[in-house]
Structure formats: structure tokens, C-alpha cells
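There are structures below to look over.
First chain A sits with chain B, and in the next complex the same chain sits with chain C.
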Partner chain A sequence: MEARMSYQLEPITSANTSLSDSYFTVTYSRDVPIPEAQLVELIQRAKRIAPISFDNAIDPDYSSKQKIFDAVKDLYLSNNSRNRQIADRLISLHRDALAEDEHIDPNSISQFAEFFLSYGHIGLPKITLTPDGTLRVRWLHGPGNFIAIEFAGKPLAKVVLELPRGDETAQYFFSEPIEKVIPVARAIGASFA
Partner chain B sequence: MTETQDLSVTKRAKFLNPPVNEVVIAVYHLPITELRTQHIGLYWQQIHGKYPICEQQSPVVSEDDSSIFKNMPGEVFPLPRFWFSSSAHPMLIQVQRNAFMLNWRRLQNNVDYPHYETVQKEFWNEMEIYKAFIQDCVGAKLDVVNRCELTYINVITRNEFFSTHAEIKNVLPSIEGFCNLENDARHLAGLNATAVYRVNDNLLVDMVTKLGRRKDATKEEIAILEIKAHGSPVDLSLGEARNWYEAAHEAVNETFLTFTDDRVQKEVWKRV
Partner chain C sequence: MADLEDFHHFFRHIKKSWMDGDFVDPAAFRLAKKKDDQFEDGLSINWLEYFEKSSPQEAIAPLRQILENKGRKVGGESKFALLNVEAAKAAASRYIAIAIVHDEEKEDPSHALVTGYNTHNDQVAEELSKVVIDTYPAKL
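So, the complex of A and B:
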């Protein structure tokens, strides 16, 4: 491993892709080289310092776009073909929203991604964007037979459920923590196929 | 002069003897999980005529991306970053699982900088080749784009305005405060300062100033002014990235002109 003097002084705002630094040394002291042991200690100390994310601190809109990318990346890398389809749909919705001068609620994105990463075995739903900018998913099984979840970005997700009960349609509206939506809905009789 | 006129003049500013030493255009995209070393061999075959040298490097890894450089299923060794270059020209292509980059480097002092238009044209030409290769041979795509970067590394050598470290303020007036701390008991011996400026929601500019000396035998004392624009296209698409780079180039140019001294621009770098 190369222990360059400039190592701990690399710009921390972004990764370094240039080559110029490889032939340039930042001067600490004109004629007194830092002893190797001290240099190693300096590098170790620099490594212990938690990196600061300037991007998040400065750019208020950074989190929205970054959350979309992170969600897409996590879904894409989850080794689940359904999740790749969901990732494609999410980026498509993002671009459609921009074209309409709208945006997806960043908190909704995080909740949405967490849900599908947690439940890899449920079917691919229809995914839409509500006028409020939150993501809504629906599993449609026929007239009067569906379940919809709206990821409002709050601790509780909103659920709408319709189930056939003989000649009638039972309707349910409830809110549940995201991790309880599936067990509660299944207990009522919902299918996520 | 109106603001619009001022911007257009700024955009056109060029130098006969610019201090630019390296330009990097980089795009970071969704990781291509299917990409393997054998694919890189096929890619090199396509560009071998122009880029006959291939080297492996550690990937450029951000804190959030470390997982994508661990072994993928079916991979014995993690995919490194690859350099493709030639001794016949100053361009360098860099490829890694989630990025494509092109560098122009001043390999010899007597080489003229071809200017941004040439470098970005080369970038997009090579990008199209790589994009088609990824689509045809790997069955993947470079969309979605997470981050774009345009970096200028300027090397400021000694000149009539800059003969001691402290005189760097004559070239970069805004760092005068550091220079003025020099007195009989201490001399400015080095500097490493980074400032970050927000241009708009999609574009930030890092400005890094360093004072030091070359690592080669000359040990020449120099200053580095690195200006890096970074951000992401609004819709995270490669198509929109073209517009992003145009805005980034304008921001880098404007930053350079406002951060460096007007006399040095005219007399040393020969602004035209």
C-alpha cells in the first residue's frame, strides 16, 4: 500500500479520478521529512475520522435524487428479477414525474424500497404515483378483489383492501407499520400473488 | 454589460498557454453486476488499435459503493478498475463496474491543450462504443446515472507573479489570508484547502488549492488548482448528462476566471 503524504489530504467531497496527484506531494515542511512511524500514525488517525458528507449538508435536494438512485441500486443489486422490474418502474416514474414538474416524496421512496427488499417472494404489483407524490402499489385479482398499499413515508403505511364475500365485497381501510402490513392483510384474506 | 452578456463572454474564454495539466470527464452509473474480466478483454479488443496499453488499478470507491466491488456471484476475484491508454496520444479511458471515465493528460510540456470541445467529443465517442459494448456483449445498460464529474487540474508553475510560496496570492488572490499569516518566525511551506460551492440543485463545484513540490527529480515547487464540478443529471439519465456537462464546463470556466488573477490570465496564460 502506498503511504503517500498527500493521502490524508485528499479532497473529501468526492473520489479522486485524476492522475496528477501521483507525481505531486503536498508540502508540510520544506526540509524535514515526516518520520515513517509518524506518517503511519497520521494515516491511521485520518482513517479513524468519520467522513463528512458535504453533499448532504449543502444540497437540500440531494437527498431526493440520491434516495431514488439508492433505492434503484438496492433493488437492482438484490439478485431478484422482480426487484429489477420494480427498479425500472421506479426510475420511469421519477422521469415521468419530472416531465410533469412533480417529484416523488423521498420518504415514500425509502419506505417503498424497504418493503420490497424485505418481501422478496410476493408478486409484482402495479406501481403508480399519487397526486401527493407518494408511491402506491396494487395487486389486482379481479373486480372487488385487490389490495393497495400507499407508502406515505410515515411510520404507518395506508392499506385499502377489497375482498369478495359471497355476493358482496368486503372493504377494509387501515394503517399499519410497514412490517405488519403483510401479516395483517393476509390474516384478513388478502393475496399478494 | 448585462449578466447574460457577461456569461457568454465567460463561456468563450480561452488561453494560448493554459495551466491545465489534466482534464477528467467521469460518469458513475448503476453497477453492472454481470460485468466480468472476460468482458473487459472483449472490450479491449474493440479499442485496442487506439488504446494498446491496458493496466489494472484499484477501483474508485465511494463510501456507499464499497459493496459493489466485493465478489459478485460467479466471480473469483473482484473486478478492478481498468486503464486503457497509448504512448501515442494523451487520452486515457478508465472503466470499472459502475463508472466510465476519460482523461486528457499533459504528458509533455510542449503539447497544446486541445480544449474542452475536443476532450468532450472524445469522451462521448468512446462512451458510445462502451455503451454499445455493454448492451451487446453484457446485456446490460449504463442507465441509471448517479453522478457526473468534470475535473480540471491546473498546475501553476513559477512565473513573474509567483516566485515564492507566499506569492501564490498574486495568482490566487482569495487565499491571501493564508499567505499573510507568514512572518519572520514562520514561512508558508504548504497548503491544502478545499471549498465547495453550490451552483444549482444538480451541480456543485469543489475547488482545491494545494502548494507543494513535484515528486520527480526536479522537485519543482508548484501550486495545484483543482476545480471539480460534480452532481447528477436531473432525471438520472445518460441523455440528460450531456446538458449537465455543458453546465458543468461553464461553471468550471467561470470559477477559474473569478478565482485566478486577471493579470496572470492575460500575461502568463495568454487569455484570448
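So, the complex of A and C:
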């Protein structure tokens, strides 16, 4: 069935920004109806993205906000508890970034969400923003034992990997197509637990 | 610009969005790119011993005031990471020799820079993050 829901966005007040519609519509198709309680919770979480005054809103911010909404929606509706935690973290990061005059690269958001939706079985990483506005995740397993992926919003993701090798620490810095990061890293010995 | 003494220390302001809990992402120590796609001149830091306090903690309040006077946002949940000059140089030397120099500004006399790692930005950032001595909340 197709479900459609509309609700009023927080007002965006900027001479440089206009919305063609003061309502944001989410449409999705599923075989079974989404429980009302889940929808209500989703809407409440999504609305938390926009409690901040957008007096200086410009198009990149608006794009970023839309991408975050899409990412949160997709992650939250994926029926994966880890993805819900990731969605919550994304909302927090968005708020923190706005409060600190930072930004999140819209392309990074999309790539980040697609990655975690594709790999539902890997663990919950640390999730941070870089000074360049890209999302970065890191699975920490101890000193000299981690893997970090940076979602640059480009075909190649940046990877940093450290692994214990006897008394030494092997260190890798490389770029890989995002869809190959996990198999390549695992072949070297990385863990995403 | 004069080099900071090896036995001295410096702070790096860490924004909340660069952390997840107690974890500080090493990207906080990367040189940022300017609008013209060139790297900034150096990593912006603050020289601890300038404040002449008996502990790093005591330097936080005046440092925060300086940064806020410069127009920087210092969020309550952001932190200041403390590093030693000699340890930072040694850590970076795995990849390249860096300089840590006093870069006094009119409104920020403790301002300093970590320079010389444009070619190994990601690598040196990772190494610097490993020699953080401690982190201090920007606001208590």
C-alpha cells in the first residue's frame, strides 16, 4: 500500500530561501501498513531536526536538512535497532553542527545512510563530523586497532585502518569505492563489530 | 615566528560535533582547506604556558574568553585537548617534521600554529590525536 503523510515544517525565514509548499510530504510504499505509533514517533524525531532558527538559511543548509530528514526516515523505518541509534546520532550531529557554525555535506549524508542501510549486520561505530563537513565513523577495538571510514560524498571513501601485527601496529590509509570498503578491509583483517 | 619550547604545551579546541562521547576524532587535528582549496597556514592552537597558571585547568576560562572575544563559538560541551610540544613533534615525525610556532595575534597573544604537514595531513592528524594528554571541558 502507499502511505502519504504531510505535516507543516518549522518555518524557514530567509529572504534567500523560499519553500514552494509549506508542507513537506513523505510518500512511501510498503506491503503492510506502518503502525500509527511508529509514524508518530518518526514525525516527532524528524521535527527535532528543525527547532533552530534559520535566519541565515541558504540553499546548502536547506539541502543538508532535507538529506538528513530523508536519512533519518530511511534509517528509522529500516526495522533495525542499530539504525535507529544512528538516526538519533545524526539528528544530534546536525543540531551540534548548526550551533557551532559547522555544516554537514549533503552528499556525505546520503552516502552515509546508504552504507548503513546496506550493511545492517555491522556494529554501531563512533560517528563524528570532520572540520570539512563530512561524516566519519570509527570502530574502535583498542589501541592500534580500529577502522575509520569517511563519507566524502564521492565514489571513493577514505579509510584509515590500524591493526596489531605482533609488537607493531600496521597502519593503512587508502581510498576505495564505498561498496568495496568492507570486503577490502576485512581481507586485511579489519573488524566492524 | 618563534618555536615553542619542547617542554611546553598547547591546547586545541575540539568542537562537540568532532567528538562522540569521550572519543575525539583525529580529524580535529587536520589542516582545514580554505575556500580557494588551499590548506590553512597551520593548525590553530593556543600556548598553555603563556597564561602562567599553576594548572592547565586554570587556563581554560581566560582562553575561552579570548576565543569568544575573537568571535569564535565555544560551546559548553566542546573541549580543549592538551598536548606537549615535544610529544607532538615526535608523533608527527613518523611521517614528516612539523613546526610548532608562536603566532601572536593582537586579540589572542597565546595563539600558535602547528605547521608543515600539508602533504601528510590525515596521517599527522591521526598521530597527534594519539598524544593528547588530557581534555578539559570548555565550560564547567
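FYI, the second predicted complex is superposed on the first by the 131 of 193 C-alpha atoms of A that agree within 3 Å, B and C clash if a C-alpha of one lies under 4 Å from a C-alpha of the other, contacts with A are read in each partner's own complex, and residues count from 1 in each chain.
Simple rule for what comes next: a residue touches a chain if its C-beta (ideal position, glycine included) is under 8 Å from a C-beta of that chain, and two chains touch if they have at least 3 such contacts.
The structure displayed is predicted, hence computed values, not measured ones.
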Looking at A:Asp132 after the superposition, I want to know if it touches chain B, chain C, both of them or none. Which is it: first, second, both, neither? second
Spot which of chain B and chain C makes contact with more residues of chain A, would you? B
Touch test for A:Glu179: chain B only (first), chain C only (second), both, or neither? neither
Looking at A:Glu102, would you say it contacts chain B, chain C, both, or neither? Reply first, second, both or neither. second
Quick one: is A:Ile91 in contact with chain B, with chain C, with both, or with neither? Answer first, second, both or neither. first
Can A:Lys73 be said to touch chain B (first), chain C (second), both, or neither? first
Contact footprint of chain B on chain A as seen in their complex: 6, 9, 11-20, 22-30, 51, 54-55, 58-59, 61, 65, 68-70, 72-73, 76-77, 79, 91, 94-95, 98
Where on chain C does chain A make contact in their complex? 15-21, 23, 25, 27-28, 30, 32-33, 73, 75, 77-78, 122-123, 126
So in the complex, the part of chain B that touches chain A is made up of which residues? 21-22, 24, 26, 30-31, 33, 60-64, 67-68, 73, 92, 94, 101, 103, 105, 143-144, 146, 149, 151, 153, 155, 165, 187, 189-192, 194, 196, 198, 201-202, 204, 206, 208, 210-216, 221-222, 224, 226, 228, 230, 232, 234-237
Residue numbers on chain A that touch chain C, as the complex places them: 89, 93, 96-97, 99-102, 126-132, 136, 138, 140, 150, 158, 160, 171, 173
